[in-house]
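These are the structures, in structure tokens.
Two complexes, one shared chain (chain A), two partners (chain B, chain C).
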Partner chain A sequence: MQQAASRPLMRKPKRNRTEFWMLLPSIVVLAAISIFPFFFMVYASFMDYSLDMDRPRFAGFGNWADTLTDTAFWQSWGRTLVYAGGGLLAQLVLGCAIALLLYHIPRFRNLFSTLFMLPLFVAPIVTGLLWRFLLDPTYGLYHWVLNTFGLDIQVLGDPSYAMFAVIMMDVWEWTPLITIIVLAGLQTVPEEPLEAADVDGANSWQKIRYILLPMVRRMIVVALLVRSMDILRYVDTIVITTEGGPADATKTIGYYLMQVAFRFQDIGGAASVGLTMLLASILMGRFFIKVLRSEEA
Partner chain B sequence: MQHRQKLLHAVLYALMTLSLLWALVPILHMILSSMKTQVNMFEMPPRLFFTPTFDVYEEMFFGRGDFPQFLRNSLVVSVVTTALCLLLGVMGGFGLARGNFRWEKDVSFWVISTRMAPIPAVILPLYLIFSKLNLIGTTTGLVLAYTTFNLPFALWMMSTFFKDVPADLEEAAMIDGCSKFRAFWRVVVPAAAPGIVATAVLCLMFSWNDYLFASIFTGRGTQTVPIAASLLVSQSGIKWGQAMATGTVIIMPMLICGLLVRKYMVRGLSMGAVK
Partner chain C sequence: MNRSWVTKLIVLAIASVLVLSACSSGGNKPGSGSNSGSSQNATNVNGNNSGDSGQSGNAGNAGNTGGQPSGAADSSDPFGGWVEGLPKIEAPEGFDWKQFEGVTLNVITENTPPSSGLAANIEVFEQATGIKVNIEQVNLDIVVEKAGLDFNARNSNYQIIYADPYQILSKQAKHFVDLNTLNNDPTLPSIPGGLEDFIQSQLLVGGYMGDKEHLYALPYDNPTMVLAYRKDVFEKYKDLFMQEKGYDWTPGPDMTWDQYYEVALWINEKAKAGVISEVKYGTGHQAKQHDSLMNDFSNVLAAYGGDYFEAENLGDIGTENPGKSLLTSPEAIEAAEFYNELLKIAAPGSTTWDWNGLAEAFAAGEIAMIPEWHEFAGMFENPELSKVAGKVGWTILPKGPKGRGNMYGGTSIGINKYASDKEIKAAWLFLIWATAPQTQYMILDAGFTPTRYSVYQLPYIQKAMNDPESQEAKEWPLASSLIAAQEAWKEGNVYMRPKIPMWPQIDTIIYTELSKMLAGRQSPADTMKEIAKQSDRLTGN
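For the complex of A and B:
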């Protein structure tokens, strides 16, 4: 180890030289398309920069001050919290419930879980378009269903329901992700503690509460982390259904960023918004790695 | 007791049916609507039995529109990106799995945060760089953009698959006189083949399904199918028949691919955390 510390790149130089050269091309490409753009964005956040401008001017902390004092920025983050929080909570509860359901049914488990995971493969843009069709006030199937129950609402056109609707779309598409991850965990739970619980006269609910759920805790955390990073990644469904509206009701931070950059053409400002988003996802990524490492050890 | 068990199962199956309806009705409604006439399509309650018509599809594929070109663009971009990321990712993933480098932790962390970076925050700097390099509106630009999330994904996934291949395997081959690279190619790669296929399918799916990158980085002639879907939405209304048919064309290949690698889906979607 003493000797290794003095080598700058590798711990066991002789054994690992080939591996190093095999990894290098990926590192170089990834650096070019991720690290370089990142620093470019940091640079842009300190410049007065717009799309039609040839030479950006230095702006100091101007963009940052503008962004951080803009109520629209904080409101967008607030909506993102509602969108992510509401969506994740619903997915978590439904996802675990359906995983437990699949775990407990004696037959057709594979068939049902396969059918249930189909929404995962639908492109988010198609999810948006499809749900827009389902909720359409004139032609929509789900609008018709709501109508027969006496609820005549234009779900996507009403500021008080639009957020709920875009959350439902995310829940529809991604609940299966939580379900299949948790189900995979449940299927590895050993028989013995369950049999022991049977002997002690525990009922199904007690077995779920005190044996099954604690044993799949790691899976649940993993699923939640993957989902929370992804919920920040995509804005496709919002772009195609509500365009952030009505009355900004569904303008999440990602949509806000796209608007500042490509509609208002304020690149410097958008760069500072983008960096706050990156910061959030990096913090979650850190946490993800930590969870993986801690459970491995 | 017997009786209660039966009742419980009946409740479970009823709840399961409800969950399946919730998941599948939208997809079925889309596919069925795409095969209905304009009149039948908007009937409520929807008609389950009808004479299917493929007029919309015929118009899309053989009409005057650009749909075949959109489809071709999608295919080219997805396949090229997947091939590129897999080539780099398979080699690099092995390096990451076996390398034992000093900064391995930092590389892993960097790889995963690149994969998970919010798309709007990635688009912005790439847009500036691509416009300087005249890559906006080109297939190359879009391939590079997709590489930003598919390369880290391939690297990460392949490293988890290679970690499952015992190191004894390549060491045995090396004792027999293979170089490390040859041992990797001849012994390790075949052992990890299912993982490679699964990773490839997921890379293909992530590229095929993307809308946001394509909406910024493509122009006339390089637009992909998700763009074709979004173009059907306009101020004057939405062409629902075409929209549902386009949606069906977008999801069908992915449903088939997804089901083919179903066994590895959990692993891929949990970034290798769940095996």
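For the complex of A and C:
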């Protein structure tokens, strides 16, 4: 018993080194498939590199100059800000609203949660096809509904509405992600503050505004962080529905990149565009992490 | 403690599996696509069609095309199916068709009626030669991407490649085998019927690049834009139109674009007034911000005497430098102004449709006339896919003040020069068979239009094309569109877009600016000037 009492409480580092070595192969592979492409992209951005060339030639800052002086590039970024901003705002509001709704119906919560999550399980290409069919002028259900109300709008063929439509597709598909994350946060909120609020006579809206939402604010920031990384580069539904049109109304930076890389086969130009997207993602990520840290403080 | 180790091992195993599966899912293996398909239901994959050179849509279920095939393969007809009147596939004396047995060939092609037809009948080739063939059918932009990657790496993942003249052949011709060397090789079979049996304009655009010294590919499909119209509507309201406008409105070779506009407008008005109930709109177009818009506009541009660039031989042999843009010419601006006005009276969905969407709207009975790829005839005549089966007429597109243009969208197939010598020769056998008259006749069921003169001379085909009420015509729905297509291929009627290395970028500029014009963002004149400015900057002119 004395021997048992004198046994040291701290484990030696050797066990951690074993775990490290066991994980090392996975880390090496992951690094190879993410770090090498990054360095290749940087290299390609300084090369005149097209798939129909025998070998790439050094181009200096030529690709960067072409990209940064291309009006279409900046216009695509402008549209991306509209797409991302509009999409994130709508997903945030709707996601929180649905999460609060689900939180307040403990009975059948799992059933309703599953139903609300269904769009998340649909492949993006299928989402695009679904919306294309729904908005088709010949046989689309939504088009018919609009016509019934006297609105003869070619949603995907009118620059005034096409961006709104692709934002709505994104909202439809990804709001459940925000909902899951916020709902998970709501379910960790302790009962005591809510009971105290009841005693003080707070109504439902006051409890949501002053207790629930502040307590899940960090979860909301995490949800926005995750979603913002994705929305910058998301092009699947645009490719299937509008292909960047009409009149370039939905040509976001992701679609612009795709066009440069795969239609024009200009690898050097595409690399420079891609690096600007990486920079934007990093800046956005740092912003949200800063917000998270300020929450912790 | 044991449980803790087990947990860690399980976590490590799961992480390793995820990483390995991510690595192995990185690329397509050649031949991983389907190598069988139904010739009865050859369909295009809808969706990511940005960059298509103009391909056909759904092909109908044609049923048995009849004919008198020779039956089983024998030494004089190694593949079987030869029909009296067609050139035979022949080989030098003593040639062993099985000498390349065991070789595997990977074919990458757009998902088109001929590729589906070949895939459905590939066992004919495989049994005769012992060569295994994997046919991968994908969207054109994927073909362009994969072919580009193969050539760039000097690989031969794909030995046989769908050589789109504008997106592949125009800039990557040097990566294809010169087929003249194989055709002239005395130890190998030569092209049955010779090169002269191919429709010459199609051979010119699909087989050569820059000069006629080197033959890079053989014509494989030939969709062409012509005019599809509702015969029933034009017959029923013919007299009413004649009373009001004073001429016979039936679409035909004498119709002008101005008359087309007048007819379409009249139908719109009568449909709105409830006089015409069979259709809602007079005309529809494939005016989505897509390659389809460039194709649709080009018909009008050519009819008004306009063109894209000043260089010679742009549309057939092709060239590296197209010269200055011609879109600021009065003819081009006039064409743009007319096209802009025409789209104002077109079915509103036109700006959301590519050729597939337009075909679906026409097949749904919404529209009276559409400029469309002739290979959609199969779909229009299929009662399972169309409400207008039996009601569709075909003719060439209207003429304009300076001429006429019917956009050509055909493609060829060639051999990757980085394949081994054995693979190249095996691939040559495939090309011989795939483009042979008897094979083209065999896959008529798939909704395919032959690229060989000899097939069109067969009595069955002549009967089907010239007598719409015949059994032959009923068995082969495409026949109704072929007369128009053949007329469209004639010099003076056909329009070939520029075959230049930078065409994908130019095409994108054209349809993007045209889309802005149709959205009212810029005038037709400004649109043409903007396209010309960007084109000249790109071509260095």
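Heads up, the rule we're going with is that the second predicted complex is superposed on the first by the 266 of 297 C-alpha atoms of A that agree within 3 Å, B and C clash if a C-alpha of one lies under 4 Å from a C-alpha of the other, contacts with A are read in each partner's own complex, and residues count from 1 in each chain.
Everything that follows uses one rule, which is that a residue touches a chain if its C-beta (ideal position, glycine included) is under 8 Å from a C-beta of that chain, and two chains touch if they have at least 3 such contacts.
Not measured: the values here are computed from a predicted model.
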{"item": "First, second, both or neither for A:Pro137, with chain B first and chain C second", "value": "second"}
{"item": "Which superposed partner A:Leu23 touches (first chain B, second chain C, both, neither)", "value": "both"}
{"item": "Touching partner for A:Pro159 - first (chain B), second (chain C), both, neither", "value": "second"}
{"item": "Contacts of A:Ile125 with chain B and chain C, given as first, second, both or neither", "value": "both"}
{"item": "Touching partner for A:Ile240 - first (chain B), second (chain C), both, neither", "value": "both"}
{"item": "Partner chain in contact with A:Asp248 - chain B first, chain C second, else both or neither", "value": "second"}
{"item": "Which superposed partner A:Ala65 touches (first chain B, second chain C, both, neither)", "value": "neither"}
{"item": "Which of chain B and chain C A:Ile33 touches, first, second, both or neither", "value": "both"}
{"item": "Residue contacts with chain A in the superposition, chain B compared against chain C", "value": "B"}
{"item": "Partner chain in contact with A:Phe264 - chain B first, chain C second, else both or neither", "value": "second"}
{"item": "Contacts on chain A seen with chain B and repeated with chain C across the two complexes", "value": "19, 22-23, 25-26, 29-30, 33, 125, 129, 136, 138-139, 239-240, 262"}
{"item": "Interface residues, chain A side, partner chain B - complex", "value": "4, 7-12, 15-16, 18-27, 29-30, 33-34, 36-38, 40-41, 44, 98, 101-102, 104-106, 112, 114-126, 129-134, 136, 138-139, 141, 144, 172, 175-177, 180-181, 184-185, 219, 222-223, 226, 229-230, 232-236, 239-240, 254-255, 257-258, 261-262, 267, 270-271, 274-275, 277-278, 280-282, 284-286, 288-289, 292"}
{"item": "Of all residues in chain A, those that touch chain C in their complex", "value": "19, 22-23, 25-26, 29-30, 33, 51-53, 125, 128-129, 135-139, 152, 154, 156-159, 239-240, 242-249, 259, 262-265"}
{"item": "Residues on chain B engaged by chain A in the complex (per definition of touch)", "value": "9, 12-13, 15-16, 19-20, 22-27, 29-30, 33, 41-42, 44-46, 88-89, 91-92, 94-96, 98-102, 107-114, 116-129, 144, 147-148, 151-152, 155, 179-181, 184, 205, 208-212, 215-216, 226, 229-230, 232-233, 238, 240, 243-244, 247, 250-251, 254-255, 257-259, 262, 265-266, 269-271, 273-275"}
{"item": "Residues of chain C touching chain A in the complex", "value": "8, 12, 15-16, 19-20, 22-23, 46-48, 50-51, 141, 144-145, 148-149, 151-152, 171-172, 288-290, 347-353, 357, 360-361, 364, 366, 501, 504-505, 508, 512, 515-516, 518-519, 521"}
